[in-house]
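Consider the two complexes below, in which chain A is the common component and chain B and chain C are the respective partners.
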Partner chain A sequence: MSGKSRRDFLKTSAVIGAGVAGLSTSTVKAAPKNILSEDRMGVLVDSTVCVGCRNCEWACKEAHDLPAGDLQSYEERSVFKDKRRPGTKALTVVNEYSSGKNSNLPVDVKVQCMHCDHPACVSACIVGAFSKEENGSVIWDTDKCIGCRYCMAACPFQVPAFEYDKAINPLIMKCDFCFNRTKEGKLPACVNICPVEALTYGPRTELVKIARERIKRNPEKFVDHIFGEHEVGGTAWMYLSGKDFVELDFPQLGTNPAPGVSESIQHGIFAYFVPPVSLYALLGGIMWITKHRKELDEEEKS
Partner chain B sequence: MNREEVNPIPVKHKYFTPGVIVLMIIAVNGLVFLMGRFFLGLGAVTNLNNQYPWGLWIGVDVAAGVALAAGGFTTAALGHVMHREEYNAIVRPALLTAMLGYTFVAMGVFVDIGRWYFIWHPLVMWNGSSALFEVGICVIIYMNVLYIEFLPVVAERFIGKVKLPGFLSGLNRFVDKVLRLIDSDLSKTMFIFIIAGVVLSTLHQSSLGTLMVIAGPKMHPLWQTPILPLLFLLSAISVGFPMVIFESLLASRSLGLKPEMHILSKLGSMISPLLGVYLAFKLGDMFIRETFVYLKEFNTASVMFTIELLFGVIIPLRMFLSPKVLKSPLFLFIASALVVFGVLLNRINNFVVAYTPPYSTESYFPSFGEISVTIGFMAILILLYRFIVLNFPVISLPGLKTAQPTKYTIKGAKK
Partner chain C sequence: MKKGLLIFFLFAISITVTAQQNLGKDHSKSNITCKTCHVCDVPTKDDPCLVPCPREKMKTVYESPDKTVDVVSLEELSKKYLPVIFSHRVHAQMSVMSGGCGTCHHYNTSGPIQSCKNCHQTYRNRDDISKPDLEAAYHRQCITCHREWSHGTNCNSCHSPKMDKKGFQKEEAKKKVMGKVHPALIEPDKIVFETKYEKGKMVTFFHDDHTKKFKIECTSCHKNETCLKCHDVNKASIEKSKIVKAQKSLDEHHKKCFSCHKEDKCGSCHLNKSAEPFEHGKKTGWALNKFHVNLSCAKCHGSKMPYTKLDNKCSSCHKAWNNETFKHSITGLGLDETHSQLNCEDCHAENNYTVKPVCSNCHENYSFPKQKPGKLVGRK
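Now for the complex of A and B:
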């Protein structure tokens, strides 16, 4: 099948691409790294393919040294009763929704960090602990973080989680796009384990093409919307669905990057320090003039 | 006029009263919960979670704390920059409040951040696009400016009276000399710090408003607007004088002094125009973005917004226009307290009420521990204020001639 072989090709090229990206990672420390590479990677999640086996949850925990338990235990489907969110115990979770009109099969949606092209967390972080890497991943530096949790307030997808139960060294936790694995040329753990190939890893531009193709070939199966293609300026993780995304608990977001307004205000106030310095000069001028006038008045009086 | 006629003196009054004991109990209660936060983690004491990362401590201790310390820079601008010397009697108390206020803002940040031992990181790890970084840096610098502005008060208290205990007494003359040196150097250079203080204040008061802009649609449209920084700045400027009046009347009542109505009334008459500008922008923003439609719904957001605007802005605006209010200590106190309450509520609304995360299952309400720490900090602040005005020359006693000359003038002005 051509689709199958193309997917294999994508996986291979992705691995090579990720390897190259990993090698060229520079070590800039002054300002947060915020690279928007042409070749950045992404993942296409086809929620019509996902069967809700939750193997990705297990693989993710294994890859991030979180207590994962037995893979068999993930067959338990009672967890779908509640809608879960990624947190400090699991960086990705799968939620299940009823399918509605077309079939009796449920719709399963994997949730994790979307790895925005213009991440709010990178813009917001007070110490620049977040960075957007060349391979598309948005990662977090534990050595810088002061635990202010502004990233959590800023994130449009409400993804970063904080270890509230720890008094010392609490971590901000979120999907890191398996940065350490992709650096070595491996696939992200969830993509690697997915038995039904609901997750496709590859260059983001290619993924958009694939997604369009799938919608075109099966217009009755999909809603005509790739979630993440344009949302908040585009995300590395993108979703296809047979159901309206709002019904699957995706937030309704515009196409403007999340940090856009805030950054233009910030840069406006601090345009080359001209406004603050002008204000300083202005106040100095007023201070001098009022003082001068006062002295003139006093001279007149005496 | 020379320095010897300087009016502010340490107030003679006993420290302990039943009220002070109550404040101490509240403070100790807060400190107990604070220990829980440091030994067991934020989750043990607060109701914060992954949906609500910021709560009472950021909304009140930090955001409202910064706003209510605005009396420091507004009176500095009035007294020192504009040389309105008739207001000099209130500059020092306002400076003291600002200094203590900012110290407690820093304390609030210290207890709220998960890794308090990394609080110095923003000094060396910069992120220019972050509004929080700008707020942090400005607050740190401004706090130091406030300490410098307060140094002459310390110098004035101890010059010629340095009496170190025991074996340190040999250093008396040296310390006295250092104090005199600081005092004379600062008198010449203070204008630099005073102007810097005003600039730094306008910067971070507004950037505090930029903070929540990035939260975008997670914030209720009644509050989320690109002009949030301007609204924060305008509300900070308009709460400065009411806060000074509020605490001046409270202090004179508590310390058995006659309220300085001649200054406070004049100060009060300036508040209406300031509140008016703030109200105009607030309403203008509401009509341009057509957010008044949300006021037709009956929910927490619309009720809180209405209370904030009606009781915090419109009613005190009308009150300050009335000469009767300006002449009566009681009405002046009520009107000022309303503005203070309005800005406090506005900051709570912006950071807590307006924030509606997309996946929350239940809404946030501060825990008993969070409330205890917040009011505990306030109690400690009041106790410190009381201690300082009883021991340092801060409050000018009415009855004596109040005209302390502006001590700090810009250099280069004709002598």
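Now for the complex of A and C:
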């Protein structure tokens, strides 16, 4: 079963579950309990600048202790034949698209976790392992994670991956915005290595201004849209493109925060103390029955 | 006296301050007159017509590519790699047909060329993130073009790792690249365009004629070419004459031709077969001699398009020619003392220089050079 259909399955079951509970799934305003700092950081990806060298893929693996191999091997361009997705072996990947226009230069797009401002994964995580940090990163605590994979189902970008191939202690994997590097004042590994600075790391508010300025200065080069500025309530990673984002496999998402959907389902199921009330009612019922039987038995004996 | 000196000094200081003023982007609004720097009334970006005086020595983006710096060693960031020896002149020469010096030297003023590091900082983790750092600035200029024809992003095509070559001699490496010029361009003879025009699908463009016969500058058509126009690792060679399917829009295709062929009818270019090249003799009935053939069309026909028919009298162009100023030996016949005394029309009847005069017109009918023509018998 492919990842997508699995997700679809999970989503459908959740909706059915909510339906069974007989409760509405209307959009509830997301209420993240996590921090949304004014000076949270972000990254502006300018896909018109990216040359598809895939150095970021290598640097990411190095920074996250994943088998990375030789940097030179990343010059191999046959990988672009298929569209790849970030997974457990590579937390970021670069895909290549034809530019379409008269230009012979392809368009390269880096894919990784978008680090939403209102992350669905944070909201969906039933053990509170996920959190939106002050610096904009969406990270998770491996020790708390129980491997329920709700984050995978909730993510509008289908980013979190699960180590299905590991029998013992499989983990959820995704880009962590190099949380360990940034807290030491270093740049995220991918931003640091990018030879053309297609990735710009900085305060999100400033990046939006820079992006707008670039579009204004070069209106023929760019599509007048910053992907991630408003999508699902805004994301820390934002993209500029010279080509329609849909053609570059960006999902078409509204501006409502994604947790609105997942939270409404979850809150629906768990609203009005239905599960605990029914559980206690059931337990109480069993208790009452067993007690009643005991009493009957004792009456018979006596 | 003292007061006078003081005023003079103040004046001198104010001049220096004005001269050093950073004029910036909107310098047209500054309070110096345009004529301080520009000669013409309407300076444009392409032709700013700046005053010549100290600028002669100044390197600006308007410098001829052939006169630019030959080799530049890029070494500001060489931690991992050896300095990159960049063949600046060859690249400048290539830029002539693809956007000019400004392609790399962007945001340059009309003043001296700015080096990249004047604006781009040398480290990435910085406060001003509005423009890329130096490493990215270099790479953007190089890789964007290089990957177009190399179809890759191979680091080693420009960089050699430091550990590879110990005892690297920068000057030696520079010398290897020095003096390199771009090889002569391979031009196609003709290009046949297959168009969608029903009445005449084939348009033959005689490239050779346009460049060699008509002396049209390459840059008047090729202004914003990509490197791929000539360079490609997968391209074996550029064919001498080829058939190309016209893919650009109608406007794009006709624009270049129409700048000269204004009043031509569709049928003069759109034929159903590949066309014959232009020959002045065939088309106009007046073949160009070895001197005329080297002239640009505009030299005789003027710059106004389309060209009009000229009369074939020499004197309509060569107005200043007479028996003293015209070097007759150029025609293959040097005039001796006796002949040089004559007026032109004495031999060339009715000023018709297209007909070669024969000796017998004036002399006894002996044929030269077997026998010298005899005495003068009469003139027609």
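A few comments on the model shown:
Everything below uses one rule, namely that the second predicted complex is superposed on the first by the 226 of 302 C-alpha atoms of A that agree within 3 Å, B and C clash if a C-alpha of one lies under 4 Å from a C-alpha of the other, contacts with A are read in each partner's own complex, and residues count from 1 in each chain.
Basically, a residue touches a chain if its C-beta (ideal position, glycine included) is under 8 Å from a C-beta of that chain, and two chains touch if they have at least 3 such contacts.
Since the model is a prediction, treat every value here as computed from it, not as a measurement.
Greater residue coverage of chain A by touch, when chain B is weighed against chain C, goes to B. In the superposed model, A:152 makes contact with chain B only, not with chain C.
With both structures placed on the common chain, the touch criterion links A:166 to chain B but leaves chain C unconnected. Within the superposed three-chain model, A:287 lies in touch with chain B and out of touch with chain C [touch as defined at top]. In the superposition on chain A, A:206 makes contact with chain C only, not with chain B. Using the contact criterion defined above for the overlaid structures, shared-chain residue A:273 touches neither chain B nor chain C, since it reaches no partner. In the superposition on chain A, no residue of chain A contacts both chain B and chain C.
Within the complex formed with chain A, the chain B residues making contact are 37-44, 46, 48-51, 53-54, 77, 80-83, 85, 109, 112-116, 118-119, 121-122, 125-134, 136, 191, 194-196, 198-199, 202-203, 206-207, 210-218, 226, 229, 355, 357-359, 406, 409-410, 412-414.
On chain A, the positions that touch chain C within their shared complex are 49, 51-53, 72, 75, 77, 103-105, 185-187, 191-192, 194-197, 200-202, 206-207, 210, 213. Put simply, chain A touches chain B in their complex at residues 30-32, 83, 85, 87-88, 120, 123-129, 144-150, 152-154, 156-158, 160-167, 169-170, 249, 251-254, 258-259, 261-263, 265-267, 269-270, 276, 279-280, 283-284, 286-288, 290-292, 294-295.
Per the touch definition, chain C reaches chain A in the complex via residues 124-125, 129-130, 132-133, 135-136, 139-140, 143-144, 147-148, 151-155, 226, 228.
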